[in-house]
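In the part that follows, the structures are each spelled out as structure tokens.
Both of the next two complexes hold chain A, though its partner changes from chain B to chain C.
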Partner chain A sequence: MGKIRVLVAKPGLDGHDRGAKIVARALRDAGMEVIYSGLHQTADQIITTAIQEDVHVIGLSLLSGAHMTLFVDVATLAKKHDLQNVLIIGGGIIPEDDIPALKKAGISAVFGPGTPVEKIVEYIETYVKR
Partner chain B sequence: MDEKNTKKMLSAAKKRWKDTTLQQTLTKNSERIKSFHNLSNKEITTLYTPDDIHKDDYLANQNFPGQFPFLRGIHPNLYRGRLWTMRQFAGFGSAEETNQRYKYLLDHGETGLSVAFDYPTLYGYDTDHPCARGEFGKCGVAVSSLKDMEILFSGIPVDTITTSMTINGPAAIIWAMYIANAEKQHISKKINGGTIQNDILKEYIAQKSYIFPPEPSMRLIVDTFEYGFKEIPRWNTISISGYHIREAGSTAIQELAFTLADGLEYVKAATARGLDIDAFAPRLSFFFNAHNDLFEEIAKYRAARRIWAQELKKMGAKKDRSLLMRFHTQTAGCSLSAQQPEINIVRVTIQALAAVLGGTQSLHTNSMDEALALPSEKAVRIALRTQQIIAEESGVTYTVDPLGGSYYVEWLTDMMEEETYRYFDRIERLGGVIPAIEKGFFQREIAESAYRYQKEIDNHERIIVGVNDYQLDETIGIPILKMDEKGEERQINRLKKLRKNRDNQKVRERLDQLRKAAEKDHNLMPFILACVKEYATLGETCQVLRDVFGEYQELAIY
Partner chain C sequence: MKTVEQQILAGDQQAIARLITAVENNSPVAIDVMRSLHRHTGHAHIIGVTGVMGGGKSSLIYKLSSVMRKKGLKIGIIAIDPTSPFTGGALLGDRIRMGELSDDPDVFIRSMGTRGMLGGLSGAVYDVIEILDAAGKDVILIETVGVGQAEVDIVKVADTTIVLLVPGLGDSIQTIKAGLMEIADIFVVNKADKPGADQTVAELESFLDVYAPTVSQRKPVIVSTSVKENMGFEDLHEQIQLHYMFLQKNEKVVEKRKIRYEVVLVEIIRKRLMGLIYDQKRLTQTVDQLVSDVVQRKLDPYTAADTIFSSLIK
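Up next, the complex of A and B:
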């Protein structure tokens, strides 16, 4: 089996990219193929890249507080494009109270501040569908 | 005996001490860890003594506070005369909600205001722009027009209080709105000063809320310098910021070096325009982070003052005021844990203490809940109380630069200065700050440091209480700030009404005049001011400049 392919993406206007870059690098070091979207991506752009790059995982990072809109936008658009086999995970400044609704929308897991990166690696390796 | 010989004898004695007294202890018990490295990854030794200090000519290298090179402080009596400004960065939701928060903070003893704008505002978009989707009021307050600015400051005396505004890409426009609001209250020339962040270089490097490419951005900034010292001389037209560089993952040394390099770049840009350095340099201000390593942070502020004074002198500044590094400090948001949030109060106390011991002019203390959400009222009050305890109870304010002369702190200060000059050389070899940005130099340096720090935590080489040790399995039980759900709707309705009721003919004319001025090389401040006074929105005004200047795209590297 080939490498796990991951798109690390920054939706919306949020410029906090420290976490996204660390995760991107850690996943690469763990042997995955990582595409980093860069900043200021719309849901459309993220899904288009995910399809073009044929990824198994989309990792969304947001620290602005707009996750209830922007994470859900990406998950909804993924469903519309029949990307059921793409695992969508998220991270950033996300209050616990918001997590159930995000999971319901299709974000499989949410990783908050202080998460060891290996936990994200393990999660992806366990739950990736391919 | 001359000083050199004394030093030699001391070094020899220290070596004997190491080989005998210290060694006996180390033979019996090895140390807790193999080596001690601070947050800049510099090895720290067991003991520092006078022979470690190379810049040891007191009058030349340290001198008295208020005298060159200002290592010990910019004021001769510092906090004995006046305490630092307690300035909490705040903003969320609509202008109405944030206005209430400001009044709450002022009621509880805050002495200056600091505005956090939401993402659409930071990027020069109105609340109803498609790119603003989901972001209204999340990271700060939405200000789409002069109308919002009027509401934001209603009942707040801008003639007696100073206001700092964290705005960069559209700084000139937001500043114009602040000025226009004050003029409407008939106090324009008496605005009691304030600050716009207006530091675009660190946006490209770290914070990433840029709009235009470097060249027109630098032009706009120099426009504000020029307008500022002529029209509103008490306004700080820039706050050259290391804070975000640090938050993005840099070390303290990188924060220091990159921030000062940015600062010198602005000085070069303004003098290249022909502005007199002694006219604008006194209005350049700075903004630093305060992280957990107490002594390293203190040394950073001290080194910053000395380097800045030395460099400005080299660049031809004659007045003392031009050489003074005045700075604001904010405690490190990135150091806060989402786990056991209450313990963040302790972290913030240490960090705030570093800022005060380092001689800060103003201070923001983070709230314990900020790794989870925007701060609740109670959390922000405790953060403010932390400053008040340091000011009123700790006694650290009684004397100037209390750690001056500490062998460790002086060694750290000298070392950080040397490292900063090493970075200056590297930046110079890359062709200067802007070429270095375009080559991704700063971004790569910061990403490296951030990754190394994360690895250290993941490998338990660095312990973060509550995160990778001393954990608790508990649900987080602190209340999260809830915003008014009607805020966005109210804001959009206000915008619609505004666009209908203003004199649209005049708005078009003013925007057109701005466009023409932007295409030539006029100072744009008067034109921008004319637009916002007619209630042209932030988005409309910014769009004119986007059309003329284009937009910046960054290199996505990790």
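Up next, the complex of A and C:
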């Protein structure tokens, strides 16, 4: 079986990618191939990258609070491009109340600040579709 | 319904991406598609970019691609980063530098881990070149892993090899592994906005004065670039074209590609042999037993290898 490929992307305007980088390294150390796309990605860029890189997982990280639009944009575009086998997960400061709506939009899981990285690794290994 | 072959020829990004994954995973289905794609290849100019770690290879590919896009060229980019030999994981970060290229429909970027290959490339890179070529790319740019040792295999793959250096290496033109200096068709001194660039160019020139090119048979040229100041990339593109014209005029493209396809054949055979040795349960046990025998001095490694070979031929 092939390796799990993960795109770690930061949509939107906030410039803090420490968290994203820590997650990216942890996933690498768990044996995954991690494509890190850098800051300020648009939903279009994220989806095109996910297609070209043929990833199993898109991990979105956002601290700016714009997740209700940006996460949902990515999930909607993923559906439009038939990426229903791609697991989309999100991380950042996300109020409990927003989670049901995000899940409904197609974000499989949401990880708040301080989530141990092992938990994210385990989630991906359990739910990835290959 | 289109066949996979037809989808690739039409440049369908999803089909290209999935076929690349399949060749990376050595899937038998992919091999049949690869067989049918080969006759559609041979059009793309293959350009290798190698050089010091963090020297600006990805940034240079971005700037150069922007120049090429303005001229209407379709581009494939293969960016290779090291796979950890311990975990098998890899952090593929070259896309960070690729800006708006990342959703240009005529640019296809693929990041790859080395997955155990030495030499700065990935084992699947040859197939990925064929796929992008068949998909109609005019230019295929390959970024090797940052050079530490003698990661010079790119020269056997690329038509044109760019070696990237940066100012302030001090005496290190001398200390850079001889192999790296010998493979360049074009030297780029990037980060020319930094102090010491002129000195690096001068050192390179004096190095080239006493150096008779072996691999390329043409004296390498030197181009200064700065990603920061967006300078030198038109010039670089022109030098790349001049080199390609040199190759074409002297039938050297054929020579270059003979070198590449010889590597390709050896690689296919190597993969099959390794498959024969490690995929069959029976032989895996044999190998295991033989290795133990070698450790216990019951057998020497050569005799053990003879045993494996004769059971392969049977």
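Here is the rule we use: the second predicted complex is superposed on the first by the 130 of 130 C-alpha atoms of A that agree within 3 Å, B and C clash if a C-alpha of one lies under 4 Å from a C-alpha of the other, contacts with A are read in each partner's own complex, and residues count from 1 in each chain.
In this text, a residue touches a chain if its C-beta (ideal position, glycine included) is under 8 Å from a C-beta of that chain, and two chains touch if they have at least 3 such contacts.
Since the structure is predicted, the reported quantities are computational estimates derived from the model, not experimental observations.
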| item | value |
| --- | --- |
| Partner chain(s) touched by A:V128 [first = chain B, second = chain C, both, neither] | neither |
| First, second, both or neither for A:L70, with chain B first and chain C second | first |
| Chain B versus chain C as contact partner of A:A105, first or second or both or neither | neither |
| Which superposed partner A:K3 touches (first chain B, second chain C, both, neither) | second |
| Chain B versus chain C as contact partner of A:D54, first or second or both or neither | second |
| First (chain B), second (chain C), both or neither touched by A:G38 | both |
| Partner chain(s) touched by A:R25 [first = chain B, second = chain C, both, neither] | both |
| Overlap of chain C and chain B interfaces on chain A (superposed complexes) | 24-25, 34, 36-38 |
| For the chain C and chain A complex, residues of the former touching the latter | 13-14, 16-18, 20-21, 24-25, 83-84, 87-93, 95-97, 100, 102-103, 108-111, 113, 115 |
| In the complex with chain B, residue positions of chain A that touch it | 8, 12-18, 20-22, 24-26, 34, 36-39, 64-66, 68-70, 73, 93, 95-97, 112-114, 116-118 |
| Sites on chain A touched by chain C in the complex | 1-3, 5, 24-25, 27-38, 41-42, 44-45, 48-49, 51-54, 81-82 |
| Touch list for chain B against partner chain A, complex | 119-120, 122-123, 131-135, 138-139, 203, 207-209, 247-249, 334, 336-339, 371-374, 447, 450-451, 454, 457-458, 464, 466-468, 475-476, 480, 554, 556-558 |
